[in-house]
Every structure is written in C-alpha cells, then in structure tokens.
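I've put the structures underneath this note.
One chain, chain A, appears in both complexes that follow, with chain B as partner in the first and chain C in the second.
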Partner chain A sequence: MHAPANSALLENPFAKRRSHRETYEFLVKSVLRGATYVILFATAAIFLHIIVKGSPILFQAKAPFINTEFLTKLPETLHVLEDKQGHIYKTDPKGADAIKHQLGDNLRQEKTISYSGGGILGPIVGTFLLVLVCIVVALFLGISSAIYLSEYAKPGKFIEWVRLAILNLAGVPSVVFGLFGLGVFVLAAPVFTNTPMDRALLVIPLGFTQMSFQGWDTSVLSGAFTLAFVILPVIITASEECLRAVPMGFRETSLALGATRWQTIWRSVLPFAMPGILTSSILGIARAAGETAPIMFTAALAFKDKLPWQGEAGLGGVFTESVQALPYHIYTLAARIPQNEYSERAQYGSVFVFLVLVMTLATASVLLRRKLRAKYKW
Partner chain B sequence: MVTAEPPQKAVEVLKTTETKSVEAPEAAPTGETMISVRNMDFNYGTKRALHGINMEIPSRQVTAFIGPSGCGKSTLLRCFNRINDRIAGAHISGGQVVIKGKNIYDADVDTTQLRRQVGMVFQKYNPFPKSIYENVVYGLRINGVKKKSELDEACEYALKAAALWDECKDRLKANAFGLSGGQMQRLCIARAVAVKPDVLLMDEPCSALDPIATLKVEELIVDLKKDYTVVIVTHNMQQARRVAELTAFMYLGELIEFAETDQIFGNPQQKKTEDYVRGQFS
Partner chain C sequence: MNEDKPSPSSDFQGLIKPPSFFGLRVDRQSLIKHFFTGSAAVTILTLFLIMYSLLKEGTGFLPTYQFELKVYRQAGLEFCDFIQKPLTENTALLSKLNRAVNADTATLTQKAQARRDALFLAKGRIEEKTARLREAVTEALETAGTPPEKLAQARQALTEANATAVAEEAFPDVYNAEERRQIATDLTAMQPDAAEPPAILKTLSAEFTEQDRIAKEKYAGFLEAVEAFEEATEPIVELHDGIAELAKATKEAAVQQHMAEDAKAQLLAAAESAKTPEAKANFLKEAEATSLEAIDYKGKIEPIVAKLPEYEAMIPPYVAAIKAAMEKVPQKGDTKEATALINEVRKQLPKHLTHAEQSPALMKAWQWDKPIPLIQALTAFLFGGDWITNSSWQDFYGVVPLLTGSLLIAVIALVIALPLSVAAAIYTNQFATPREQELIKPFIEFIQAIPSVVLGFIGISVVGDLIKETSNIPWLQWIPGFPVQERLNMFNAGLLLALMAIPTMFSLAEDAIQNVPRAFSEASEALGATKLQTVFRVIFPASLSGVFAAMLLGLGRIVGETMVVLLVAGNRIAIPDFSDGIGTVFQPAHTLTGIIAQELGEVSKGSSHWQALFMVGILLFSISLFINFVSRKVVKRFQLPKI
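Right after this comes the complex of A and B.
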C-alpha cells in the first residue's frame, strides 16, 4: 500500500527460489510421508476387511443384536444339504439325519465342512484360561526378577550378561518356545503322584507321595507356562523401567526412616511402579493371546468337543486339560479345511471376535495408563 | 580433639531407646557429645572423599556444615546414618563415627536400628504420593505399629513439632502433593520426627524453597533443637548464622575449622575459612 513508486522495479530479496535443494527436500518428505501412508493403508485394509466381513457374523439386526449362538456354542461340523429343487439346508450333525429322513429321495447332495458350524466358545474359553494362567506366572516371575535386577543385584559384568540374555530371549522364534515347552513342561515337568509313569525322567520318593518328572501333558498349564516365557522379556524390561522411574528419594527416605530393603520396595517403590508395570503387561497379554506356535505343541488341539471342565476330572481339570484356542482355531480354519462359501462364517467370525478381544485389551491398557498416570504423578 | 570414650554399654543404649511412647525422646543433657567423629576417612571406591575428620557434635544444638560444592559436607552428613552404604564402592576407610557411645560402623550395628534413631531430611522435599497422614506415620508403620490411637497421636505430635498441625489438621487424608513446597518440606521433617530419633540430619533442607518458606523451616529448626540434635548442611552462610550454634567449615574433604558460629563468621582462625566466609571464593 505504502510501497515506493518504483517497487515494481526492485527485485524481491525473499522470493522463492527453485533449486535442487528444494526439490531434494520435497522428495525426502514425500518418501517419508509415503512410507507412513503405506503402513496406514495396510492397517486400514486389514481392519476394514475383517470388520466388514466379520461384524455381520457376530452382530444381527434383531435383539439381542449379538449372535449369541456363535459365542456360546462349541465348534461343530457343518452339514449342508441340498434338495433337488435347489433348496439349501444348513444344519448340525444331529439335524442332518432328520432332514435327510424328511427329504428321502429328494436329497441331491450333502456336504460336510469341519469345524465351521456351531460357535467358538471352546476357543474363547481356552484362550481365556491360557492368558489368565500365563499372566499370573509371567507377572510373578517377571516382576520378581525385575526387582532383583534393579533393586538388589550389584551392577557389574554378570548382571549385564543377565540383561543381555533376557533381551535375547525376546528374539527367540516362538516356534522354538513351543518346542521348549514341549520338552520341558509337557514331557518333563514334575508332578506329584503315587503312580509315576514309566517314561518319567526321574522319580523322587517323598514318603507320602512321589515327585515324578513326567510332564504336565498337553494342558492349559503347559501352554500358559510356555506363553509366559514368550512374554517374560517384555514384562521384565517394562518392569525394570517402571521401577527405575520411581524417584530415588522415595527409597532413601524410606531407608532413612529405618525401613529394611524389602519394606522399602514393598511400601514405597512397588506401589508407584505398579501402574506402569500393569499397563505394559496388558500389551504383553495381547501378545500372549495371539501366539500360535507356542501353544501348538503344548496346550491346543485343533478340535475338542468338551470344555476343559467337562472332562473326567471335572472342575479340577480346568488347568490340566487340553483346550482349543482362538489363534490355533483360526489357523485350523484357514489352513486345514477345504475352503468354500460355507467355511467363511467361522473364519471371519473367529478373526473378528479375536480382533475385538485384543483391541479391547489394548484400549484398556491405554485408558488404565492414562488414569493411573494422573493419580500417581510425582 | 580426639576424646577417647570407650563404647561402653552401647548395645544396651540402642536397644532401650527403641521406645514407642509419644513423648519427646529422652533428654540427653544439652551440650553432651552426641556424635563423635574420630579420625575418619571415607572413600568412594578408590577416591578418598573425606580425610581424617575429627569432630564432636553436641546434643540438642544445631550444628551447621558449610563449604563449597563438592567439599564433602553432604558425604560427612550421610555417614551419620550410613545412607552412604547404598552407593556401590562407598566405604569408611579409617577411623570411627561414634553415636551415643557406639561406633556405628561396627559389624554388630543394624543399620535399620541406627536409622530409626538418626533421622534424615533431604534436599529435595520428597513426600510419598500418599495422604498427609500416611506420610507422617510411615516410619511407625514399618516398625509394625498398627494401633490407630498410637498412630493418630504420633501424627499429631509430629505435625505439631513440624509446625504444620494448624495448616493440615483438617485435611490429613488429602494427598500430600496438594501442599506447597515449604509445607511439603515441613511434612518431610514431621515424617522424620514421628519416629522420635535422637538426631536429625538435614541435607540442605531449604535449597528448594522460596525465602518465606525458608524462614519458616529455619524457625522450625531452631525450635526442634529443644528435643533433637540437629545437624544441617547448608550452602547458605546466612542460614548457618541464623540457626546454628556451631559451624564446621569444610574444604576439599577436610574439616578446616569447627567452632562456635560467631567465631567462624566473626573471627575465623584459618585463612581459608576467612576467605570463604568473606566470599572470596566459592
């Protein structure tokens, strides 16, 4: 507005200059942005696909809006019968006989699709039990060793090696953990029994009973212990970090008041580290729930027509029976049965339910963290 | 300077004073030696931090340690309750620290028992993220006190001793983090007082506080010497003049001069002390 009259003649000293440098900047930015978008696209594609295909199986338009059958029945073989007029009947093994009888000669063909009928209660219960036991074992072992490493152990070469070993544990392929579980928990772990098996590695008489190293068989316990070892590195590392984040002043004050080391840890270190430990552990749970290889040899069956407490041992068998588990069930459905239009229901349904479970855990962890951070800040 | 005082009946003393009564700790006559440091050397690993310290700290008086940063005054203070033991490689490499007639570095001394009688307040106020009440009674709880009435009494006594009772009595259950900085530091003092130690060690208790809060804490320190032997490390020479009967000047791990505060500031015998209190180096 108040520019001098000859302003048109002056060159703008701040004008944009097209240069190599600028092009280069633009290229770098584009590549970085592109990489981010690729990840975003992949994530969105996975989620959308599963939600679009899976949600109609779990949800329905009529009350109670959730397909309760899918969540409360065990998996079973799906029978598909077609009559000569082209009508299709989907039913379970029991219903198939009745319909066949009714159709008589009118039956054109019968197809059976394994594991694709009924619901997925078995795998849900199995995964729940595995995760429950796993988290108890992993938290106990993990927090204990984290406390030892960060509060008691004298820093030095040995402890550095221990830390390195724990980090390396995180890099062990999960199928190796599975085999480790098979060798140690399924075949060799100690049990108390009066009648040791012949294949027991070692039997120690205790007087009133005998300790036999014959393993826990394929069971929830074996699987959960194996899973616990898979997530231990995460839990130990996270716990150590949380313990270190508790101000040194809390420890010194407590000790200066005459507390012993353990009193100090129990009353003025652990309570303040616990929120962080728990929230990071929930992510560990999500990981444990999703692992397939470690439970393949140790706990999970492709198919089982009984819930763990419906076996011979009754309620006592909850932890000692083998189970079905969601990730292994998904693997079975995807890779072990012929694919056709009738197998999709169980496949997408299972994946969708699984995804919802894991996302619930992750969300819970984020919310918990936010809440506890606000409560325990210092 | 070294007064030979055999550590007689020391163990009994440590045991009998483990009382849970609510009155102020049993009076040792004012001016009698409470802490006696004898020819003490102290090392961090191979590095010597304190050289041949000798001093007699009288009971029920305030003794201040002054000196430039890194001179070892905090290290010396932290020797008195063996909180230095926590640091890897830190150890006393010669001499003795005798408190109430017992060398606290003897093998038969239980550090938890020692620290119940030699309390400490730290530079950075550090209440636990718990209620005011729980903060004050922490020391009693770890001693196994469960009786509500006993805890309540101790809480009231300690908060009164720390001149915090009137400000806090209506919100004992509130989180301690709602207090101001000065109140938090006084809460830490109350927490240390609640277990009725004989000695209160204070490591620059006012360095994180504003001037008004500092004044309040200083008043409190002067007050506390009625019942406690107070040893305070401070950067602030004015503070030493205001609160302490005795002042020790330390430099490079050595005790240069230890005398009445008036003498240290008015008529120092050592050249280094004079330079320091005149502000000629820091």
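Right after this comes the complex of A and C.
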C-alpha cells in the first residue's frame, strides 16, 4: 500500500521518500502480518510433517498404489527376528513361530513391539461405528432442540435456561464428559434383562422382562452417547442458525394457506434448512471423531483381536461390544510403547489416516457450506 | 416465529375432534410442541446429569478421606511425619550441596570425563552395529573343531565391519589427531575374545581417575563437609524408621478392621434381604463369625510417643553438627553454579534449623485422638500439596500440584496465543487484502479440526526434540532454563495448546473487531487520523470487551484440554520449583485433566482414589462454569451501543 513498487533494477529518482510515519506504519503492519503467518506456517509445518512421514506408509509405488494390508488387517504385535547372517524378518506372532522353527539355532535375536504390526482395521471400524451412532443421536436431539428454539419458544425463563445450558455445555471439558458418560451410560443406563445385576441402581419389573438400571458397560453405545452430548451444543447452535435463516415469508405463506404449525415446519421450513444443518453438522462429526477423552472410559480398548461383530453377541455386538478407536489407538501408540524405528510405521500410518479422515470431513463441510451459501440467497 | 398464535386446531375444538393417538384423544399439535420442548429440556437435563454423576461418585470422597486421615493420625503416622519433614528438607539441601561439589570438581575432571565417556559411547555404538559378527566370532571360538581359516574369516569380517563403523563415527574434537588415529586402530582391532579393553580406553580411564583424585584432594574440605552434613541425620533416621514401622503396623490393622466392618455390614444387609430362612441364618452366622476386635490405638501409640524425649535430645547435637559442617563449606564455589547453590543452601538453612528445633514442640502439642472434622478432608483436598497414590506409607489427595500445573500451562499457552491471535485478527480484519482474507480465515478455522491427540503426538515426536536441540545451541544459553532437561515439559504443552486455542480466540476477536460500528472508524478518519491510529486508538479499544471474552473462552478450552497435556506435559506430580524464574516453564508437570485420564482406568471402582478423581472432575467442572460466567458478564457489561 505504502511501499512504492520500484523496479528492482532501476531506482526511481523521483519517487517520494518514505516518511518516518509511513515507515512506522509499514513496520507495525509487517509485525501483524508476521504474527498471522507464524500461525499459518506452524500449522502447515505440522501437516507437511505428517504427510511426508505418513504417506509412504499408506501409499506404494506398485498397483493398487494403496497399502491395503495396513487398512484391512487388525493391529497385532510386531515381531522382529534376526538371524545370524544379518537378515531381518518382520512378522506377526504366527509367522514368528514358523520362522523361529525354520531358523532353529540360527536365530540371533527377537524383538516384540506391541500394537505395531498388522493394520488398523479395528480402530477404523470402531471410530466409524462410534461416529455413526453418535451422529444419529446428536442430530435427532440437536435438530429437535433447534426447532423448539427457533419455531416454538416464547421469551421466558425456560428458554433462558436452555440457552444458558447450551452455553455451559459447550464449555465443559471433554474429560468431564468422560466422567459423565462413565457415571451415567456405563454404570447407570437402563437395560432390559431377565437377570439384573447386583450393582443396578433400580430394577423395574415389566412382567415379561425387567428394566434394570445397570449401565451399558464399556460399549459402542455408551461411547457414542457420550460423544453425542459433547457435540450437542455445536449441532444445536448450527441448526438453529440455519432454521432462522429461512425467511419468515415461507412460514407465513404456509400458515395463511391453513397449514398447521407442524405442517409448516415439516413442509416449508425444514426442507430449506436441512442442507445447511447437515453440512454444518459435518464439522460436528469431525469433532466427534477426533475426541479421545470422552471415549477413554466409555468405549475404547487399547487392544482387541476381534471386530465388534465377531464376538459372542453376534451382529448386536456393533452396539454392545467395546471397540478400538483411532484416536485412542494413536494415544496408545504414542504413550504406551517406546519410540523406535519399528513403531514409527504404525504411529505415522495411523496419524496420517486419521488426519486424512478428519480433514476430509472438515473440508467437505467448508466447501459445501460455501456452495450452499451461493445457492440459497433470499 | 416467536409470537404465539393459538394453533388452528384448538380454535376449532368444537368442530373437529382431535385425532386419536394411541386411543387417546389428545391434541396432536400440542403433543408435537411438547416433544420439541422436551428435546430442548434435554440440554438442561444433561447439565444436571453431569453434576449428578460427578457428585454421586465424588461426595463419598469426603467421609472416606476423613477416615483415612483419622487412621493416619491415630496410628501415629502423622507423628512420624513430624520427624520426616526436617529429614526431607535435609535431603533437599544435601542434594544441592552435592550438586555444588560436583560442579566444582567438574572443573578439573570435566575434560577427562568427556574424553573417556565419548569413547565409551562410541565403543558401545560400534559394538551394537557389529554385534552380529561379534557373536559369529564368539560362536566360532566356542564350537570345538572350527577350522582356523573359518575363524580367521569371521575375524576378518568383524574387523572390516568395525572399520566401517569407526569411519561412520563422528568423534568430538576433544581428541587430537594422534589420539584419533590410535582410537581408530584400537577400535577396529576389537575382538570378542580380547582379554583387555582397547588400550586407548585404558589410557583415557586412567587419565580420568587421576584427575578425579586431584579434584578430590583439592576439594577435600568441601567433600568432608558434605559428608558430615549427611551423617548428622543418621541417628534421627534410625529412630524414625523404628517408630514408623510400629505406626504402619497399626495402620494396617486399622484398614483390615475397616474392611471387616464393611464385610459384616454387607452380610447383615444380605441377611435382611435373604429369601429363605436358611440363607438368612447362614448370612447371620457368617456375620457373627467376622471378628471385630477394637484396635487399642492408645496402647499402640504409647511406645511411639515414648520416643519423643529421645528425639528431642537428638536435635541440639544435630543442629550443632549441621552448623559445624556448614562452617567447612567454602564461602564461594569455584564455579558460578556452585556459588549459586551454596548461597541457596545458606539462605534456606536457618529455616531448616528452626523447623528441626520446633518439631519436638509440635510433637508435644500433637494428640493422637484429636478428631478430624469433615471440613478438614475438604481443605486437605483443595489446599494439600501432595498427590500421592499407591504409596506404602500414606496416600494423599492434595490437588495443588495438579492445579498449579494446569494453570501454569494455561498461562504459557495464553501468553503465546493471545498476542498471535489478536494480531492475526487485527491484520485479517483491517489490513489484509480480500484474497488474503479468503486464505487466512478458512486456514485458521481448519486448525480447529486437528484432533488434539494428533497434536499431542506431534509434541512427543517432533516438538520435544526440537525444544531440546534448540536449548543446546551455545549462543542461546542466555535464555533462562536452557539447556532443557526434559523433552516433555510445560512449555511444550503450552505451545501446542496455544495452537489449539488460536482458532477460538482468533474468530471471536475477529468478530469483536468486525462488530465495531462503522461510524467509529469513519469519525476517526474524518478527523484526519491515519489508518494505524484509527485501528489502535479507536477500533481496537472499542472491541476490547469482545477480545477479553475471546481470551476467557480460549482459556476455558486450554484448561479443559486433556490429550495434549496428558501426552506432552511430562506427567510429574509435583509443585514446580519456582526458583528457576522463567525457566520454570521447562519443567514437567501434571494437570487436572491429565490425572483423570491417566489414573481413572486403573483404579477400582468406589475406592478413595476413584472418588478423588471424581472430585477433580467436580473442580474442573466448576472452573469451566466460572469461566463461562465471567465471560458472559464481561460481554454484557461492556456491550457497545448499537448505531
């Protein structure tokens, strides 16, 4: 703005010299700009580091170009065997036995690195299930609350309380949500069973069965419900904004034609607000997928060698089994095992996949929102 | 749609019957409305459920902790800790003196030690690289009847590998050219069956031993003083250990008895609800069999208290010995570090001696049967300086170390994040070109989507090493706290948390600046102010309340963040040592959120530890409510007029 655009070769002799004030302004502006770009560069450096370290693990030069093994195998302990000729074999527990048998006396040393072998199918499936159930619960509760706030509520004490609650819920630390989930869903939520456990808070006989408040244990359901309450404030706020953006005229026209209030909402408001609600909710999904603390005590396990539907409960296991989840898996890999050359594959691979997943969701949300904003203008 | 119109169906109540709903004739419209009202009420319900679940598990903590503290007192553990306190202080002072001596002797031995250690390390690395071939040679030697040429071959391979490994080594410049040559030949010639270590290593070791002897001679007085300092405590330690054992035995008996009481109560309760008379009788019989022998605290405490005169008699000699030892400590060390440490010890010594002298008086005033009120359990939790769990002596749940850790990290993160995000907000809103805005805003919003566990991982794998390496750069040594001891520390965590808080603070601050009415800047510019003057004297001050609210909400995010601090803050449960000044930030710490995440998974449900963690949750919840409350007040109080 103030810097004259001099050609680099030829100094313009007639250019006005910068006054002190202009220099000062320029300096202050540069400091502000510098601060802004520090943030951008720090973030870019983090992304770059993960991409550089992580992409070679997921992608490969040969067809099909993606390391399918990493995405389709369950995590397992990595065995590194070395024979006396200096050959190194990296393998899973079963392979280790075979190679040991084959090598016999020729085996020099064996190292085992927990969780670092195989792939990350278990954590991916777990995160997927958690997010899926969570989003169903959160959207149902969130949109209905938003409909109340924008369509039904009258100014008064109740709505003030609701708004205050939303505001405060948004500020509750995620680990406290974890405690809440543990206290409510894991230990106290109602289940239908014929044989209630001793620790149940309350047992209500229903004749054919009993409703026992004994909790859902650490399970997908507990974790997903906890996560749903973590993102509930985000969903409500976003949904309400979208509902309010629908012009008043739509509702007035509908009511003038004799529609009931519910018909008005269902036919003339929701259809126009829905795209916006869904796109904004994607950001909520990204957040739910990224949270670790709320699922630590409610759903996640450090290690599991079965997929949720392979357990005793069969297909119902997708709700009642505890699962591995990507963020918790990353925590386990980062905090519980020593860092070395063999653990890096699992670490950077999981972080890369996780980041790609979350960032795709976030980008999709931003792009869709921009597109919608251009489409719906009233 | 806020104004309420009577819904059409209720107007025509007489004409149209409300449709049937599960056989009941109810007004469908109002039913729908109630459904939505109910959903909205879920938010309030959730908030109450959070409070309920925290309180339900947490409130049991106070009586449990009260009981534990009562046993701590009645069994005499508290009495023993009166003696333990001066001993702990002595240990702390002693370690400082030791560090001072080491700093001084290092002036003489440092070089020789560096020369020896570098070679040891290099030897270790080379041996690790050639381990396989070394083993091959060993095996060839051990197997009877190995042909000599095969052995020679193995030896040759090892020598070659050694040579390659030596060539790869970057030896520090503490050796001269001649020594380097000798190192290279000696290390290359290493064989597993060599009777002696490489000659050069022996030379260097001898050199160090000699230097060490000279240093010990030179600082003989200082060393003696330190030894005397340590020896002065010996009789006290012996006495303490003797009575501590007695106290612990009493405590264990008390815990056993408490468990038996619980078991009996459970049996009786089971008997109450037993279905058959036989079962009831069985339960009662079992309950009867549980022996509940009252513990004779008074009798058991007597031998412990009886030691008091003996202890009292030990104090004057102890004080005299310490004073005599301090006489022998030189006034000034030969290095800056030693001098600083000696001065610190001299400064803290009078306090330590008064503590030691006062301890018998405190012990005399102490009563084993003084009751502990419930409120004391709460104050011990809120203001207690120790968080000690799974201890063989006594568990303490004092939240101060965690709170200071959380707050210090939050302050570090705020100090970094606030200037950056406010500057970025001002720049983006006032100076950036529209194209730059298009880039900056979504980019910073994007940061929000990075999961915290990923940032924590980056902290462990990248930032930690980066900080440590930077702190070893010679020309940066003026920075307090450098060189950094721990890779994972509060600064590292603060740095990453700052990045996490920036999006929240940036977008709120940017909104606040955006919301300053146009008329303000127009008026300012009309008066002839430059852009810079307008921004810093008109727009920014007008948006201050919003920026302050942004800061508070950012703070809330930082204090509540779990994964980053759990992974990166270093997890040392201790109140940071503030004597380092600003350098304190490079110490590891533990946090309120981190302790819950780390320990809850490992404790048994319902134990005092479990309850204590829920109490920490209550504290965190209150902090977050408080921050929200203050930020709302601020925004309301300083709202700009609408123009």
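Keep this in mind: the second predicted complex is superposed on the first by the 342 of 378 C-alpha atoms of A that agree within 3 Å, B and C clash if a C-alpha of one lies under 4 Å from a C-alpha of the other, contacts with A are read in each partner's own complex, and residues count from 1 in each chain.
Methods note: a residue touches a chain if its C-beta (ideal position, glycine included) is under 8 Å from a C-beta of that chain, and two chains touch if they have at least 3 such contacts.
Not measured: the values here are computed from a predicted model.
Engineer: Quick check for you: in the superposed arrangement, does A:Leu315 touch first (chain B), second (chain C), both or neither?
Structural biologist: Touch status of A:Leu315: no partner.
Engineer: Determine, under the contact definition given at the top, whether A:Ala256 touches first (chain B), second (chain C), both, or neither.
Structural biologist: first
Engineer: Which partner chains sit in contact with A:Lys154 here, chain B, chain C, both or neither? Use first/second/both/neither.
Structural biologist: A:Lys154: touches chain B and chain C.
Engineer: Looking at the overlay, what does A:Val28 touch: chain B (first), chain C (second), both, or neither?
Structural biologist: second
Engineer: Who wins on chain A residues touched, chain B or chain C?
Structural biologist: Residues of chain A touched, chain B against chain C: more for C.
Engineer: For A:Arg267, select first, second, both or neither according to whether it touches chain B, chain C, the two together, or no partner.
Structural biologist: first
Engineer: Thinking of the overlay built on chain A, is A:Ile236 touched by chain B (first), by chain C (second), by both, or by neither?
Structural biologist: Touch status of A:Ile236: second partner only.
Engineer: By the touch definition at the top of the document, which applies to A:Ala165: first (chain B), second (chain C), both, or neither?
Structural biologist: After superposition on chain A, A:Ala165 lies in contact with chain C alone.
Engineer: Who does A:Arg108 touch here: chain B (first), chain C (second), both, or neither?
Structural biologist: second
Engineer: Which partner chains sit in contact with A:Pro247 here, chain B, chain C, both or neither? Use first/second/both/neither.
Structural biologist: In the superposition, A:Pro247 contacts chain B only.
Engineer: Which residues form the common part of the chain A surface touched by chain B and by chain C?
Structural biologist: On chain A, the residues that contact chain B in one structure and chain C in the other are 154-155, 251, 255, 258, 260.
Engineer: Could you pull out which chain A residues touch chain B in their complex?
Structural biologist: 154-155, 247, 249-260, 263, 267-268, 272, 376-378
Engineer: Could you please specify the touching residues of chain C with respect to chain A in the complex?
Structural biologist: 1-2, 4-5, 7-9, 28-29, 32-33, 35-37, 39-44, 46-47, 49-50, 52-54, 56-57, 132, 135-136, 139, 419-421, 423-424, 426-428, 431-432, 440, 442-447, 449-458, 460-462, 499, 502, 506, 530-532, 553, 556, 559-563, 566-567, 593, 596-597, 600-601, 613-614, 617, 620-621, 624-625, 627-628, 632
Engineer: Flag every residue of chain B that touches chain A in the complex, lowest number first.
Structural biologist: So the residues of chain B touching chain A come out as 81, 83, 86, 88, 112-116, 119-120, 122, 124, 126, 128-129, 138-139, 141-143, 177, 188, 191-192, 195.
Engineer: Would you mind writing out the residues of chain A in touch with chain C in their complex?
Structural biologist: Those residues of chain A that touch chain C are 21, 24-25, 28-29, 31-33, 35-36, 38-40, 42-43, 46, 49-50, 82, 84, 86, 108, 141, 144-145, 147-155, 158-159, 161-162, 165-169, 171-180, 182-184, 188, 229, 232-233, 236, 248, 251, 255, 258, 260-262, 283, 286-287, 289-293, 296-297, 327-328, 330-331, 333-335, 339, 347, 351, 354-355, 358-359, 361-362, 366.
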